[in-house]
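Both complexes shown next keep chain A, but they swap its partner, so chain B is in the first and chain C is in the second.
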Partner chain A sequence: MRWSAILKRLALIPPTLLGVGAIVFVLLRVVPGDPIAMMIPPGASPADIARLRALYGLDQPLLAQFVTWLGQVASGDFGRSISLRQQVFELVGARLPATLELAALAVALALMMGVAVAVVGSLLRGSRLEWLLDTANGFFLAIPDFLWALILLLGFGVLLPLLPISGRLDPQLAVAFRTHFYLIESLLTLRFDVAADLLRHMLLPSLALALPFAALVARLLKAQLAEAEDQDYAQIARTRGFSRTTILQREVFPNALIPTVALSGVQVTLLLGGTVLVERIFSYEGIGNMAIDAVINRDFPLIQGLILTFAVLFIALNLAVDLLVAVLDPRLRHG
Partner chain B sequence: MSAVLEIDNLHVAIGAANVLRGVSLRVEAGEVRGLVGESGAGKSMVGRTIFGLLPAKAAIRAGQVQFEGRDLLAMPDKERRGLLGRRIALIPQDPMTSLNPVRRIGAQMVALLQLHLGLSKRAALDRAADLLAEVAIRDPARVLQLYPHELSGGMRQRVLIAMAFACDPALVIADEPTTALDVTVQRQVLQLVERMRQRHDAAILFVTHDLGVVAKICRSMTVLHAGRVLEDGPTADVLVKPHHAYTRALLAATPRADRPADALKPVPPALIESLWAEARRLDQLTATRPA
Partner chain C sequence: MADLILSGPISAPASRWRSALARGGARLWIGGVLVALLLLIALFAPVIAPHDPAEQDLMSAQLPPAFMRGGEAAFPLGTDSLGRCVLSRLMYSARTAVSVALIASLLAAIIGIALGLVAGAFGGVPDQSVSRLIDVWMAFPPVLLSIVLAAVIGAGLVSVIAAIVVVDWTRFARIIRAETQAQLARDYAAAAHVLGLTRAQALRLEILPNLVPLIVTLLAVEMGIAILVEVILSFVGISVTGDTASWGGMITEGRQIVYQAPWIMALPILAVIISVIGFNLLGDGLRAALDPVQRR
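Now for the complex of A and B:
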């Protein structure tokens, strides 16, 4: 990908975010439900309610509210959460790292499992075992992440209680963190006991996110491996005396990887979306879990901030996938 | 003279269809033998059998393939892989699809040289540069750094020719190495193949449907049709005194400098039909005969 293409993509980000912001802003205020109704004590007078509404600017016309909000967002002020009474920016900043660490672990697990299944499946081509593997893979693909979360919760949290099923860190391991990237920080500061406990907490939710994605990667990659193996250059490598595994590793895999990354990369957005339910099920303190509370409380500023955060993540992810594909494919790099 | 390649009564079927019906063919050390025939005659199947690249449903029903006196079809896979790319090499048909698009030319050449010659990376790179210089590529050091898509078709075919001769093979199978190139490049590539053959002292089995090319570079030739050898002999004899009606028809269909283009006669469909009928009769005979 050339620089001009990257710049073009970057230039598209502000209008995209503006569009997302506008849609969310309007939707929130059109659907029934109101943050003030959720927070007033019983018996509050209409005057009290009106005063509260004015405090949060909810008495203004829709367009005026939007313009005010836009102006604030442009200057880096995402407003105050109505239910949590804190700055949205700080709330999201504290929770986002937890979600990023969880999603990154899920993607890493999924890639390892998906690549392994695809490669083993390719080596087994034509055998009964290949059929078995494909069938099992289809099964993993068909079950969505939140169902996996429930299955894993029952399996390894309740029936065979090997792993913690809620939270991010054992409260007894109270550590003063300087950032909210607990896992990265504990690894960098060599607190491996803390890192291990964090990983134990992350394992089940990240596995729930990873399993369907791994199955998708496995299916895509296996099909691409088969296609690359049929290409002339792979066949010709055989006429040069290279072994099947060498050809798979050097000729076939690098070529099959390119479309696999391009096709599955955008699916990581689905995995990120999956954090909403999965974090909830495992009481994991990330932005997905936070989003559910924000919706229940009709916390307009928080919902808006969270949705913008997800939008930025999705855009960044798509850009990262394009860049990665360009790195893997010399034909794109040279334009 | 000793044969590098000796194919004896080779029968190959793909599923129920016979594609080679008892092919016998000899390539002497250092000679260029043409293998000619229309599309679908089975020319590529001969090469695929040698390289172990037959389609999944294909089966070798009978016959032997001897390379330098050793039975290629009977030897263990590992032993055969030791010969492929080193003693027997391929110049492929389509240079555009025959190089790995995501690996540099240098990496692809070095992998081959390291596999068969056990060279260090440094030595392999030097040898690769020498080979590129041999096939008249200017600035080999730079080309080694390039990816295939940065080279023209003619340049890529030069790289593939360099790779075919890289380990001094005794036999190179060239399967229509010029059909994918334009006419001016074709002639250069033919000359290059001939020069490399002399330098590296290899024999070539040159697969083509162009009798003009055969007349120019092949000492002997084999005419294949429907998986059967119809004619075989020194090129000079076959072209001057063809025995088989099909060879005569092929010659009449080939443009020549000493003959106006409108004198060309296509191979009569009736002749081709009778040849196929003969092949099918042969199939029935072999099918009813106990194996």
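Now for the complex of A and C:
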């Protein structure tokens, strides 16, 4: 990707975020439920209600509210959550690491599974087993993450109770953390019992997120491997007497990787979006689960902050994938 | 080459259909059968369901399926916590799912195709505005957007359909825009221009018919997605209200008593999986059968 293309992409980010913000803002203001009605004690006087509405700026005209909010957001102030009565920025900051750790584990699991399936599938090319593997792969691809979450919850949480199905950490493990990246912190501070418990809680939700993504990676990579294996350089390596595994490893794999990263990288945003429901199903304390609560509680500032967070993550991911492809592919480096 | 084609029998529509079916392969057949089964169950639910889906019988609540120990023949797949027949509720839920899928996918398709065609065909300002709109949409987490929308509109089937349409029109718009551009670059589009057709006429008479296979495929996939969104919204608690049976509602109810009666949650999940696999296979099969690239 050329620098000018990157600059163009960067220039499109602010208007996109502005659009996202405007749509959410308008959408939320036509919600029939009143957030104030949910926080007042019974028997509050109309004057109290009016004062609360004024406190959250809900008595202003829509456009004035939007402009005020934009000004605040621009200065890093995302407002106060109505239902949790804390700064949105702090709330999101405390929950985002949980979601990022979960998504990162899911992507890691998916890459391992996807690459393994693609390589095995390539070695089985033309056999009956390949057909079986492809069919199974299609099945894993067709079922979305939240259905996997329900299936895993039923299978390994209820029928064969091997793993915890709720929360991020066993509450009996009373640990004080400095950061909100629990997994990374516990690994760095060598508290492996805590890390193991965190991983046990993360395994089912991250597997649910990983399975369809792994199937996608497997399908894309396998097709790319097949294509790369038919190229001249692979044929030449074969005539020089290298074994099929060596050729796959040394010649074919690196070349098949670039298009796979380009095609599957964008889909990581889908995985990230999937955390909303998967976290909900496993009562995992990330921003996805928080977002659903925020919608149910009509917590405008929190919903706005969370959706903007997701939007920033999505845009950043897309850009990162493009840059990664540019770094991996020497042909694109000089445009 | 040209002589060969001219001297051979000109392929009649019937044989083109047959070769298309052959290209679709097993996926097309299995997917078609599963989807047809779903449509039939949805259509004839009142006739084939053994019970009224809302009929409660608290004396026989949480019965296991008939083939399990303690099951009763009157309730082939058992009962839920209010003593309602699970099989009947599954069948009526298919009705809900199919109505949502049909209406929502068609509406999303109409909006998406219209915007995609305009953007693809006219370029310039229309293309820029549609493309920027799609950019903004793609920056939303789709699940969260539909949850917010459904919350805004309020519970009910209309709200579920609206949420699906508003979120998913981009699926059609993006692909139709790209395909329109690709088709316009072909010779036949240029020929239409030479023949004196206006841009709008060429779109309607030449381009759109060539997009039909793609649209059919997209529709099949979208219906599977729409069924999932209905389940998601029910699961979050903002889909259809109380009395209307829906798979998502059944899963949510089942989850609360999953330790006592896991089948109440498992059966609707199974129904959703079978439907989604059916629509996916049908979509894949249709793509293989209708794709003009594979036809050549």
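Here is the rule we use: the second predicted complex is superposed on the first by the 317 of 335 C-alpha atoms of A that agree within 3 Å, B and C clash if a C-alpha of one lies under 4 Å from a C-alpha of the other, contacts with A are read in each partner's own complex, and residues count from 1 in each chain.
Basically, a contact is a pair of C-beta atoms (placed from the backbone, for glycine too) under 8 Å apart; a residue touches a chain by one contact, two chains touch by 3 or more.
Every value quoted in this text rests on a predicted model; they were computed, and no experiment measured them.
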Fit or clash - chain C, chain B, common chain A: fit
Chain B versus chain C as contact partner of A:Glu185, first or second or both or neither: neither
Which of chain B and chain C A:Val20 touches, first, second, both or neither: second
Chain B versus chain C as contact partner of A:Tyr233, first or second or both or neither: first
Partner with the higher number of touched chain A residues, chain C or chain B: C
Partner chain in contact with A:Leu147 - chain B first, chain C second, else both or neither: second
First (chain B), second (chain C), both or neither touched by A:Gly273: second
Partner chain(s) touched by A:Glu285 [first = chain B, second = chain C, both, neither]: neither
Partner chain(s) touched by A:Pro254 [first = chain B, second = chain C, both, neither]: first
After the two structures are overlaid on chain A, angle v-u-w for chain B, chain A, chain C in degrees (C-alpha centres, nearest 10): 80
Partner chain in contact with A:Ser243 - chain B first, chain C second, else both or neither: first
Chain B versus chain C - smallest C-alpha distance in the overlay, whole Å: 17
For the chain C and chain A complex, residues of the former touching the latter: 132-133, 135-136, 138-145, 147-149, 151-152, 154, 224, 228, 232, 235-237, 251, 258-259, 262, 265-266, 269, 272-273, 276-277, 280-281, 284
Residue ranges of chain A in contact with chain C within the complex: 12, 15-17, 19-20, 23-24, 27-28, 30-33, 138-139, 142-144, 146-147, 150-151, 153-154, 158-159, 269, 272-274, 276-277, 280-281, 288, 291-292, 295-296, 298, 303, 306-307, 310-311, 314-315
Contacting residues of chain A [partner chain B, same complex]: 126, 231-243, 250-251, 254-255, 258, 328-331, 334
Chain B residues within the chain A interface of the complex: 51-53, 56, 80-86, 89-90, 92, 94, 97-103, 111-112, 115-116, 147, 149-150, 163
